[in-house]
Each structure stands twice: as C-alpha cells, then as structure tokens.
Amino acid sequence: MKKFSWTSGLSLFVLALAVLIALFGPLVFPGDPNLVDLAKALRPPVWAGGTWEHWLGTDQLGRDSFLRLIHGARVSLGIAAVATLLGAVIGTLIGMLAGYLGGWADALLSRLIDIQLALPVIVLALAVATVLPPSVISIVVIIAVSTWVSYARVTRAEALVLQNSEFVALSTVAGLRLPKILGRHILPNVMPSVLVMMSMDFGKAIVFEASLSFLGLGVQPPLSSWGSLIADGREFIIAMPSLVLIPSIIVAVVALSANILGDWVRDRIDPSLGAVSAAPRAELGGTR
Amino acid sequence: MGVSSYVLNRILQAVITLFAILTIIFFLTTVLGDPVAQLLPPDATAEAYAQLRTQLGYDRPLFVRYADFIWSALRGDFGESVFFRRPAMAVVLERLPLTGMLAAIAVAAAAVVGIPFGLLAGYFPGSTADRGAIFVSTVGLAFPNFVLGILLIYLFGVNLKWLPVAGVNTWQGIILPAVCLAIWALAAQVRFARAGAIESLSQPYVLLARSKGLTEGQIMRDHVLRASLLPIITFGSLQFGMLLSGAVVIESVFALPGVGKLALDSVLNRDSAVVQAVVLVIACSFIVINLVTDLAYGLVDPRVRLAKGASR
Amino acid sequence: MTRQDIPLLEMRKMSVSFPTQSGERIEVLSEVSLNIWPSEVLGVVGESGSGKSMLTFASLGLLPKTGRASGEVRLRGEALHAQHKRRMSQVRGREIGLIVQEPTPSLNPVRRIGSQLAESARHARIPADQIKSASIRALDEVNLPAEVLGRYPGELSGGMNQRVAIAMVLLQNPGVLIADEPTTALDVTTQYEVMQLLEGLRVQHEMGMMLISHDLGVIKAMADRIAVMYRGHLVELGTTEDIVSRPRHPYTQTLVASAPRLHPIEAAPLQDSGCPLLPGDPQLSDDHDHPPTLERDRRHVVWCWDAHHGHAR
C-alpha cells in the first residue's frame, strides 16, 4: 500500500469526481431538486424502464433523483469538509496550547481527552442531539467534537517535545509572543501529522454525517444529504430499490475512496500514525 | 508503586470519568437545553410553563439541582419516561439483553475468524492471504455500517427472500444485524492481529526460539500468539463497548428493539429521561469494560505491571 | 565419542546476499570457509557489518526471508540443508546452541523463565517429570537460584537473562555453541562473569565453540584460533598467538594495534596498503572474485589480493 497503486489511483479519481460534482454539478445540471411533481412519482431509472428525462428516476414526490444526488453531494461533502477542518483547528490549537503551557492546562486537557475516549462517540452525539435541534450546524459540531481529541493528543505531544527544544526557548528569550511562537515554530512541526489525520478523518466524517442524517438527527428538509436520501428511500426498498440503493452505493464508494486515499497519505507522510487509528491501545501491545 | 495502588488509581480514574459524564449530561440537558419547554406544546402559556417548572423543581438553584441529579443518577433514577410512562431506567434495562447479545455475537465471530486470519496474514506478509486481509480490513472498516445493512437487507430479504427484512420476531431476524456488526469488528480484529503478529515476529525472542529448534507452529502458538493474546483480548473487549454504541445505527436499520433503537426513538420523541438513562448505561458499560480490561491486563501482563510500577 | 579428525561444524564457501532497494543483490558474506574442531574455541572478530552474524544465521538456516545463502554446512561430516526443516529443527538447539547479543528481548516477555526453560528441555527430549529438576540444575550451573523459574524476563537484569539463555543451551546440551557477541550488551563486570561462566561450562560439557565479537580483547582471552572478518570476507585465520603477535593482513594489524582503544578501526594507515578489501578502493572491493587463498587448514592463513604484501610482513 506504500506505492501509488491502482487502488489509490481509482480512489483519487472517484473522490476528485465527487468533489467536482459537488462544486459544479448544480451549475452544469440546472434544475430544482425539490420540485414536486406527484404525477411523475416513483419513476424507475432508465435501465429499469424509465425515461431519459429523469434518468435515475424520481422519488415518491416525483422529485428528480439525479438532481437530488448532485445537490446532496454538496451537503454531504461540504459538511464533512467543514467538520474535519473545524475538528482539526480546534484540536490543534488546544493541543499546542496545552503542550506549550504545560502545568494545569496540560493536566486539564489530558483528563478531558481521557474522559472523551471513555465515551462512545454516538453517545455523545445522542446527548448533543437532545439539546440542539437537528441542523447543519449541529452535525458539524457533533462531528468536530468527536474528532478534535486525536489532534489535541498528537499536537500536545509534539508541542511538549518542542517546548523543551532550544529554538523555542530562544524565541521566548528573544521576546516573541505566544501566538508567534506557536505559529512560527510549533505549527510547522505538527502540520504533517495534522494533515495526515485530516485526510484520514475526511472519510470518517462522510460516513458519520450520512449515519446521522440517516437516523434523522442530521440535515432536515428541504435540504438533503446522501444520508437523508438513503433514509427517505428506505421504505421503498421493495417497491423501488434504486431509491435507496443508488445513494447507499455512492456513500460507500466515496467513503471507501476517501479512506484508501487517507491511508495512502498516511503511509507517505507518517506511517507511525497508523497505529493510532487502527488500534486505540496499540501502545499496550508493543514491547519497546 | 505496588499492585494495589495501581488498582486504586484505575478505579479512581473510572469514578472521575463517570462523574464527568454525569456532569456533561446534566449541563447538556438542563443548562443548554430547556427541559421544561421540551415537555410543553409550543403554544403553552407562560403560566403553564411556570407551573411545570416549579412542579419539576427547575426553579431551585443550579447547585441543588446538580446535587439532586447526581444523587438520583447514582441510584439509577432518571425519572419517568414521558413516552412509556414508566421509570426510564427500567425501560432501558429491559432492552439491554438484545443489544448485548448482538455485540457479543459480533465480538465472538470477529475473534474466531479474525484472529487466525490476521495472524496468518502477518506471518506471510505480501502473500495472497495478506493482501486479502488488508482488503477485508480496509473495506470492512471504511464501509458505512448502515449501508452494509441496507445492502444485506436488499440482497437476502428483498431479492433472495431468505431472511426477514426487519424485526426480531424469529431468530433469523438477528442474523443480518449481527453480521453487519461482526464485519466491522472482524475488519478491525484482522488488522490488529496482523499488526501484532508482524510486530511479534520481528522480536529477538522469535529468533532465539527458532535457534532453540522450535517448529514454526510452536513459535506461532507459544510465542507469537502468546505475546499478542493480551492486546488482542483487550482489543476485543474494547470492541464490545464500541459495538454497544454501534448498535444504535444497526438496530435502527433493522428495527430491532434494543437499547440503540430506544435511544434514537427517545431523542426523536424528546424523551429526555430515557436518553439520559441510555447514555449513562452505555457509558457505564464502556467504563466498566475499560476498567476491568485495564486491571486484568495490569495483573496478567508482567510488562505492564512492571512499567506501571516503575513510572507511575 | 567425538571424532577428533573431522570438524564438529564445517562451513564451506558460505555466501549471503540481500536485495537492495533498487533490486540488485548485495553480498554481505563472500565465500567464507571455517571449521570448528572438537573442544576448541574459534574466535571470529570483525567490525559490525563484517558478516560475522550472517555466517551464524546462514549456518543455522535462520536468515531473514529476503536473504539468500549458498555454501555447504556439515555437522560432524553430515551435510545440512536449510530446506530440510525437520532435520534443521533437531540440529538447532540440540546440536548447535546459540547465544545472542541482547539477552532480555531474546526471551519472551510474557512467559515465565520456567516455561521457556521447559520449552528447551522438551525439545531436548527430557522426560516431562524431570523437566523441573533439570531446569533447576541448569540454573544452578549458571549460578541462578531456583526461584528464577517463576520470574519474567523483565524482572531480571541483562546479566541474569544472559545466564538464563546459557542455562537453556545447557538443557539442550549441544556439541557446538555459537556465542554471538554474548557480552556486548552487558556492563563490564557482568561481562567478565558471563565469560568466565561460558568458559567453565564449555570445558565441563566438552562443547566446541564459535565466539563472535567485535572486541578482540574478549576473543583473545578465550579463543584457540581467531578468524578475522572484514566486509563479508574472511581475511585472516590463525592461532591466537599468531594473530595477536604476528598479524599479517593490514586490517588485522590495525585491529591488533588499536585493540585497547574505544574505536578500533582507523582507516588512515590502511589507505596506502593497496589491499582491495579496504575502504577507498571501491572498484576493486566490489569485484566478486575471491582473493587467492594461500592455505586452508589449521595454520595461519591470509586472504589478500596483494599476497606479496601479506607475506612481506
């Protein structure tokens, strides 16, 4: 998996295509994904006897499935990207600060990390969902809350090491302010790890968003993501399987591609981070 | 630092975590959210609001409410479910066995299939078996669980009509959800066992064991498996905790009346008492599993015991 | 019982190569031939990377999977083949014992000493009801108390673990013992104790021994003969007396001259010796032809392109 194999190439292609569709799809294929036309409800896709007018068929309200998938890509990938970025930024900042300041800030962070690791993510999501009404913002928050810990952990460790290093000490002596020290010296050093973790988290965020939306805790109508399309189509699994199968397969393929690419980026930049994600307690297993 | 203080330390950490989680639940539900408003219809009058607020005790000072909440929570009392009209904890506990069984089946299946597969792959890196293991673990871990559930329902329920589409009225109903959870657990276990075997095989003690004339079978059994076994068991028990929460999605896909489905329904029903009870039950089982594993690990593995004794 | 006229262990034209990243194979051991005679100590000295350990691993069929070995190994006249797994499994441990450099990581950290000793005893066909008493006896021979049986390697010091490793060898009672840097990882006082112990047990159990070390001092103290290795080649072989007092190969000369120093290898005086195996002359040293062999027996032999140079000293 170290080399850029055909699987990595295919994954890159799939992901790039998905991103392009999310960005430009609605411009290239104009049309209202929420246009209700009950006369055309539950049309099959073109290969199952449908027409080219709605080549992926329509849902129970006669809305065009293809347009809904294209607009859903925007929502799904957009939420995943923003949430990944937010989690990374928050986690990195907190980790750097705690590692640099040490003392009580560090102790507090370590406790917080321990506590969050003892709490299954979905439980946290449920707890948040009871409070925040389901919306795009609440999903982004839930996903970011579930990812920030790993960034904080890694950057804290690196900041701790750098904090004791000479050039950071010299910068302090030279009178550089805290934001400058963090930005100039610590951030560049933690950046590779952060990028690797982000590339690995993106795929997970796609799945997480889809799961939440599927459960009804995610985006609400009229907005729809791939996850909510799956949820909507679910009751037609016997009558019109394409309604649920097509978005399901798209989510699976895109998530798989993002994961394969994430693994590839990790192998290229920092293979040691692999243990962190594959096995939460890998460190217990090693003898060294 | 001796064994007993290690145990005390771990128990203390678990208790702190439990308190932290209770505190988070308290603040989320009573400080950020408005539990009174959630119980009333949107067009309720201010008088009705004030009356219910007093009735439920939300007019008391925050600290009193917090102490009251903790005290009740420790007794497992989260109040009555507005939906079931019964104590929330009782509702949760009667749904627990189904979810526990699902998770147990998945962990067991993952261990029985995944560990030998992972060890085999680790022993022959680069072989067909190894590439198969990498494929299974990559796809299994990345594939969204609920999508897998839907595809399985379509294939076996709709297309082949072998198994029921949803519900647990018969024993067949549990097969597909268990498979869904098991595939994820198996993928993780394969990856973990493979890494363990590769790590262990590179150790000098394997070389010395070979130089003693042990066969490869003996080395795999008595040295590699033996050295990887504790981490593997630890991982399996952690998985059990993760699967309890993974069941939220899968139970919803298959409409199984377990804890996960209950939690989701309660969130959608705004049945705050049940949600709190579920969060506490899942978090508690997670904490207890972690604690027991850590203790067992510390007591059984000489390396952990020695390292903890030296460094902590 | 041991015949004195055939070697205990005969390694003939042993070569080992490994693939590099670019796909070529690089030779780390080139046609090295050595014999271990009954009840002698053969010292093998050379810097790290000189191929000493590869010789051991190739002889025992324990090379990493990417390594490729050629040559012939004979145990008391019987040819050994790495692919005969069953025979090799009997040979390892019971006929040829190995002691390695890092004692602690060489013992399984999650198994008690007793169970790892028992493993060796079982392989040596010691009856089950005698394993415990045999283990205690073996521990006693290496001056360790019986209570060590219940300990884990992590609870013992490096020196103690090395004695455990020696006790494991004693249980299997091989005719040949290969000790690969047995004391390098230990501190100085422990080094001395372990060497004393090894020497005593070797005499008592009538083992032939190959002692491998980068430290000529250690070798000198124990070996009957010394083989000098450099960059995968055997460059000089002779009695300890001859090697130490009349070194002929320029590398050996440097080694002997700098023996007490911390860093025994100094390139400077070798540069102008004209020897093909030396640094600074890559074209010649990459040549795969083996240097001319002058003699092959138990006397003093030098392998060097510049044979004249070798004899001149």
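Points worth noting:
By letter and in written order, the chains are A, B and C; residue numbering begins at 1 in each of them.
Here is the rule we use: a residue touches a chain if its C-beta (ideal position, glycine included) is under 8 Å from a C-beta of that chain, and two chains touch if they have at least 3 such contacts.
Note that the structure is predicted; figures quoted are calculated from it, not measured.
Averaging the CA coordinates per chain and comparing them to the mean over all protein CA atoms picks out B as nearest.
Contact analysis places A-B first among chain pairs (by count of C-beta pairs in contact). Centroid distances from chain B, each centroid being the mean of CA atoms, peak for C. Computed centre separation for the pair chain B/chain C is 52 angstrom, with centres defined by C-alpha atoms. In this assembly, the C-alpha centroid of chain A lies 55 Å from the C-alpha centroid of chain C.
If you average the Cα atoms of chain A and of chain B, the two centres end up 21 Å apart. For chain B, residues touching at least two other chains, in rising order: 203, 227, 230, 303. Among the residues of chain A, those touching two or more other chains are numbered 287. Multi-chain contact residues of chain C (touching two or more other chains): 105, 109.
Touching chain C in their complex are the following residues of chain B: 203-205, 207-215, 218, 222-223, 226-227, 230, 301-303, 306.
Those residues of chain A that touch chain B in the complex are listed here as 1, 111, 114-115, 118-123, 126-131, 203, 207, 210-211, 214-217, 230, 234, 237-238, 241, 244-245, 248-249, 251-252, 255-256, 258-260, 263, 275, 278-282, 284-287.
Against chain B, the residues of chain C that register as touching in their complex are 60, 62, 85, 88-94, 97-98, 100, 102, 105-111, 119-120, 123, 152, 154-155, 165, 168, 172.
Residues of chain B that touch chain A in their complex: 13-14, 16-17, 20-21, 24-25, 28-29, 32-33, 134, 138-139, 141-148, 150-151, 153-154, 158, 165, 188, 191-192, 195-196, 199, 203, 227-228, 230-231, 234-235, 238, 241-242, 244-246, 248-249, 252, 263-264, 267-268, 270, 272, 275, 278-279, 282-283, 286-287, 290, 297, 303-304.
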